[in-house]
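All chains are identified by letter, namely A, B and C, in their written order; residue positions are counted from 1 within each chain.
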Amino acid sequence: MLPAMNIAPIHIDTLLYGIGIAAVAVNAASGVLEAGRRPFDLFGMIVVALVAALGGGSLRDVLLDRTVFWIADQSYLIAAIVAGLLTFTVVRVLRLPARLFVLPDAVGLALFTVSGTQAAMALGAPWLVASLMGVITGVFGGILRDVLCNQVPLVFSSELYATASWAGALLLVGLVSWGVPTGWAALAGGASVLVIRMGAIFFGWRLPVFIARP
Amino acid sequence: MLPAMNIAPIHIDTLLYGIGIAAVAVNAASGVLEAGRRPFDLFGMIVVALVAALGGGSLRDVLLDRTVFWIADQSYLIAAIVAGLLTFTVVRVLRLPARLFVLPDAVGLALFTVSGTQAAMALGAPWLVASLMGVITGVFGGILRDVLCNQVPLVFSSELYATASWAGALLLVGLVSWGVPTGWAALAGGASVLVIRMGAIFFGWRLPVFIARP
Amino acid sequence: MLPAMNIAPIHIDTLLYGIGIAAVAVNAASGVLEAGRRPFDLFGMIVVALVAALGGGSLRDVLLDRTVFWIADQSYLIAAIVAGLLTFTVVRVLRLPARLFVLPDAVGLALFTVSGTQAAMALGAPWLVASLMGVITGVFGGILRDVLCNQVPLVFSSELYATASWAGALLLVGLVSWGVPTGWAALAGGASVLVIRMGAIFFGWRLPVFIARP
């Protein structure tokens, strides 16, 4: 999941690794929250949590023919399961509103986008493919989560979700190709995902919508 | 699909192979029964049957980067198609109730769980990943079947379906790591899947459910 | 996507390549048209377009463990995005009816079926697997498109869609195994897909349907 490891100094690796684990945990929590609106049992919820947390990265790895990240390193799997169980317990007891998760979810989107784009670039993927891998990593977990819950993926109609991801991924790819060090490019790309997503939520930024004739 | 082949004596291999074919056939039948409630044509039903029968194992093989089992051995594909066509014909003529398939379906779940877990262990996957591969093999065919039929996967809310699979897979992994021979561990794991699933159906065993606030 | 390259003379390759690009573009357009009936934003529509255009071929490549075609050659990805954006613009301005796309869609189905079957044969897949890879390439883009839009895949109930694909793929495999040159076999296979599909649309050819008891 973090292919830049042999480029960046060790403490950045550790930071990126922790960030990756955090992103997985946040997405697992979002899966439980979504599944919780339906009459799923505990295990069904955990499956949805795992799909939400690991689905995007798994799809990226399968498409790029890399070892799937959570098979290579079980920690991601454990983080997703623990986060799912914790969310299940906490939400049940405290009855937290789902809106609370908007910020961590946006952070997760930024992290997944950056790590996905970097993974593809490290394998020598061309720019458009690399940026798309960032988007796939960022949003496909959520898409698969919604498909499993039998609803239209929120991502497609929600406030600049995938758009924020793609913009950040393109910025990252562009900066790297212009010679900016990977670490700074990743920071800029991730930050722009966050800013666009937050702007969409709090200021109502939107892309055009059209409804075709039946 | 049966990676333990060079460990176990030949007659156990043959048994496991036959069991694998039977599991594929049973799942194909479940696909036709599910698709049959919708206005699909014969071919659509066969596609749903194939996805139900081969989807879980395919996902496992793709994630583990093995050759997909039904591409390596066409027999599985043929078994799924024949079983699908047979079910289509028989159900149409005899009008059997779907409840009849609960027992073979539980047997299929047990078989897929065992074969999936063994496949992952043979590739050296860590215990949690190995057990999850058993679950994926066991339940993802059914999940994909329901997604294609545009309904919430039955697995998530039905009686200890995935739970039975995971419990059996964990037992199998645990027994093997404690030195129990693969054959006996597989038997114990598979049997426990069956027992839990049957207990859930006939005695109403359940996991906790929670419905989150909207 | 075009594995016959080193067999056929160069101008056939170029033709097949152009045809592959065209098929991707047509499927992307169908994705936008389908997504356009829902309140997706521009980006959501592009994602659905990409899945419709590239999903079937990606699934085929992942199952066959080949490099995914649009990662190996970015042109497909660009064709899909451009076609998606163009359709979005044109449909919005001109308000074309969706029925217009029936013919190009059938051509796309024929092209995908042929290229998918050929790709699998080139890798030495047995006949049934090879023909199924043609079907997967031809119809899974549309299936995934409909799953993302949360509806029952049109393919399963529509006029001989997947059936036409499978019949053409089997004809292609059969002709090649009888010694017919690949180019002619591909032409015959592709043409039969078109004829069956058009016959189904205009003359109402159908496969039997059955609705099981609940």
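Just so it is clear, contacts are C-beta pairs under 8 Å (C-beta built on N, C-alpha and C of every residue); 3 or more make two chains touch, one makes a residue touch a chain.
In this text, all values refer to a predicted model and were calculated from it rather than measured experimentally.
Colleague: Specify the angle of rotation obtained when superposing chain B on chain C by their C-alpha atoms, rounded to a multiple of 5 degrees.
Modeller: When the C-alpha atoms are superposed, chain B turns by 120 degrees onto chain C.
Colleague: Chain B and chain A are one sequence twice: same or different residues at the contact, by the over-half rule?
Modeller: Different: fewer than half of the residue numbers at the chain A-chain B interface appear in both copies.
Colleague: List the centre-to-centre spacing of chain A and chain B in whole Å, with centres computed as mean CA coordinates.
Modeller: Between these chains, centre-to-centre, one finds 29 Å.
Colleague: In chain A, what residues contact two or more other chains?
Modeller: 62, 65, 147, 150
Colleague: Would you pull the chain C residues touching chain B in the complex into a rising list?
Modeller: Touching chain B: residues 62-65, 125-126, 128-129, 132, 135, 139, 143, 147, 150-153, 155-157, 160, 162-163, 166, 206-214 of chain C.
Colleague: Could you pull out which chain B residues touch chain C in their complex?
Modeller: Within the complex, chain B touches chain C at residues 33, 35-45, 47-48, 50, 58, 62, 65, 67-68, 70-71, 74, 77-78, 88, 91-92, 95, 97-98, 147-150.
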